[in-house]
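Structure provided below as structure tokens; questions to follow.
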Amino acid sequence: MITIIAATNRPGSSTLKVATHYQQMMEKAGEKTQLFSLEKLPADIAFNEVFGKRSVAFQDILNEYIVHSQKFVFVVPEYNGSFPGILKTFLDAVHPDLLRGKKAALLGVSSGRAGNLRGMEHLTGILNYLGLFVHPNRLPVSSVLTLMDEKGNITDANTIKVLEKHVGDVIGW
Amino acid sequence: MITIIAATNRPGSSTLKVATHYQQMMEKAGEKTQLFSLEKLPADIAFNEVFGKRSVAFQDILNEYIVHSQKFVFVVPEYNGSFPGILKTFLDAVHPDLLRGKKAALLGVSSGRAGNLRGMEHLTGILNYLGLFVHPNRLPVSSVLTLMDEKGNITDANTIKVLEKHVGDVIGW
Amino acid sequence: MITIIAATNRPGSSTLKVATHYQQMMEKAGEKTQLFSLEKLPADIAFNEVFGKRSVAFQDILNEYIVHSQKFVFVVPEYNGSFPGILKTFLDAVHPDLLRGKKAALLGVSSGRAGNLRGMEHLTGILNYLGLFVHPNRLPVSSVLTLMDEKGNITDANTIKVLEKHVGDVIGW
Amino acid sequence: MITIIAATNRPGSSTLKVATHYQQMMEKAGEKTQLFSLEKLPADIAFNEVFGKRSVAFQDILNEYIVHSQKFVFVVPEYNGSFPGILKTFLDAVHPDLLRGKKAALLGVSSGRAGNLRGMEHLTGILNYLGLFVHPNRLPVSSVLTLMDEKGNITDANTIKVLEKHVGDVIGW
């Protein structure tokens, strides 16, 4: 079971569209997946899940999306030259024992040109610190709004090609 | 007016103690300062201040601590190999127009040996992206718990010396 | 006197063309500048200038381009996801006393899309460590080959605009 | 066959001592290894091996230490807040086809407190770019001079323990 994490809580995000498309590609390739959007996090997570407290709602999220998955795909938008604060808060809230030794692959998403390369660099450092193996194919998806039709399906041929390569890399890892 | 930001919302943090001590040193050096602890942020900031919404409470924080300050000192603990998620969420929520062209100095705090060097590296990238000038004296304060007495006053002579150097650097900048 | 550093030793590099164009823009704005290309470094610099040895040739370079400049502009290509090794070797060879407290501005150059954002991030950390102030306008110049005519003049209107902004930022700093 | 790379060309380096000690631990654990010190690189590598040229001497190095190894351990000192320039020059000179899909583990070495955490962070980004998998156990060895006897044997009990963990992690990977 691979968990795909749409790493923002922005309503109606392009990130969630890319993550959904990615999930469909993985399912088509025969892989069992689930999608977790950070929109589902408790709104007060930074205050009530990080310092030793734990709500039932958040424990349920951990049980469903983190505990039993050995592989994660983080689909990560670029906010202010890095990844969203909510993603680090989420990682600060998960107990490291639930992550250590597992595998993570990254996809960067940006409306501009850089595909969140810096955010993926920062995130790799943090995931390594937490004991996760990070796949070197850290795929930047730039100018994301030009790659999709109005329903959010990725239609750009080259993007589909590199996504298919990424899907194959992650499944074969 | 220099705003010192204690960059965690953890209750009773060492970071707040270091920030308070740092503020006293600045005041003793004749500088006007104010201290903002991220504990005072709205608990749901990640959901209700980042994507175009704005509460009165958060607008008040911006007015008091950000709008009129030209210089900031971020006192930043190390969480999971970087800085706390709540700090990036705070930066994601502040409108960049309130930060561009201003100055920031950094102090890293850790209970371990590295004094949050990686977190300060990530943070520098983000602050530069937001248009802030970052002072190169990014001071790591390691093994912070061994440097204080039980009241949270820093008693270690070498730490006091490098903090005084930092205070002087920031005031003279 | 501003020293512009073309941060590669590759013969006939696009980086040198961008640096030359940038120098012309600075001169046109009335600023006194000099250009140093890492092509002029001693070929054995990594072995004979880093560990306490110092050749006359390299000392002459330091005297001419480093000692008397208070401001540097690094024009930095992307090699393998970061800046060229020769640039770090150069910085390892310069005595830090010649750099501390000075100012540096960065321009990234890449044939691909990211304009060496990661290399500029790494370089900022190193320059800060060496005590240099780094300007937050770290300008990525992507797809550089499509921006020039066959003589190496930058002809792309938007690139000229952001370069002019950068030139103004550095002169006014 | 695991290749251990002592990632500096400094004569008589602590890094080489740590690398030699590490190699002995690996051999004791039954692993076949070889040690490559960057001291053996051609002195003019930055000028004569990076841009399409290739000497017999350097090709021999590649054949002996890179081509047939699937796993590398980089023992990396901290120079100026990152890793030595010569290491990046070496990576710039190796053709990426010789590295892609292979595995790398990192050890940071510093005389100060941070064990080259920043250098390992930068290096991870570059190795990932080159298509190498990087082990998340990036071990910082700080205050290295206090950990050794006069012959360069590591005598500090805690350091031996974390090195043994690292050796085990790399062999079992």
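For clarity, chains are labelled A, B, C and D in written order, and residue numbers in each chain start from 1.
As a convention for this text, a contact is a pair of C-beta atoms (placed from the backbone, for glycine too) under 8 Å apart; a residue touches a chain by one contact, two chains touch by 3 or more.
Keep in mind the model is a prediction, meaning the values are calculated, not measured.
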Self-check item: Cα-superposition angle relating the copies chain D and chain A, to nearest 5°
Solution: 180
Quiz item: Same residues or different residues: which describes how chain B and chain D meet, taking over half shared numbers as same?
Solution: same
Quiz prompt | Averaged-CA centre spacing for the pair chain D and chain A, given as whole angstrom | solution = 31
Quiz prompt | Intercentroid distance (Cα basis), chain C paired with chain A, Å | solution = 35
Practice problem: Starting from the mean Cα coordinates of chain A and chain B, work out the distance between those two points in Å. | Solution: 28
Quiz item: Using the touch rule from the top of the page, what residues of chain B touch 2 or more other chains?
Solution: 118, 121, 125, 128-130
Quiz item: Which residues of chain C touch chain D in the complex?
Solution: 9-11, 41, 43-48, 50-51, 79-92, 96, 118, 122, 125-126, 128-130
Quiz item: So in the complex, which bits of chain A are touching chain C?
Solution: 113-115, 117-118, 121, 140, 142
Quiz item: Which residues, counting only chain C, touch chain B once they are in their complex?
Solution: 121, 124-125, 127-138
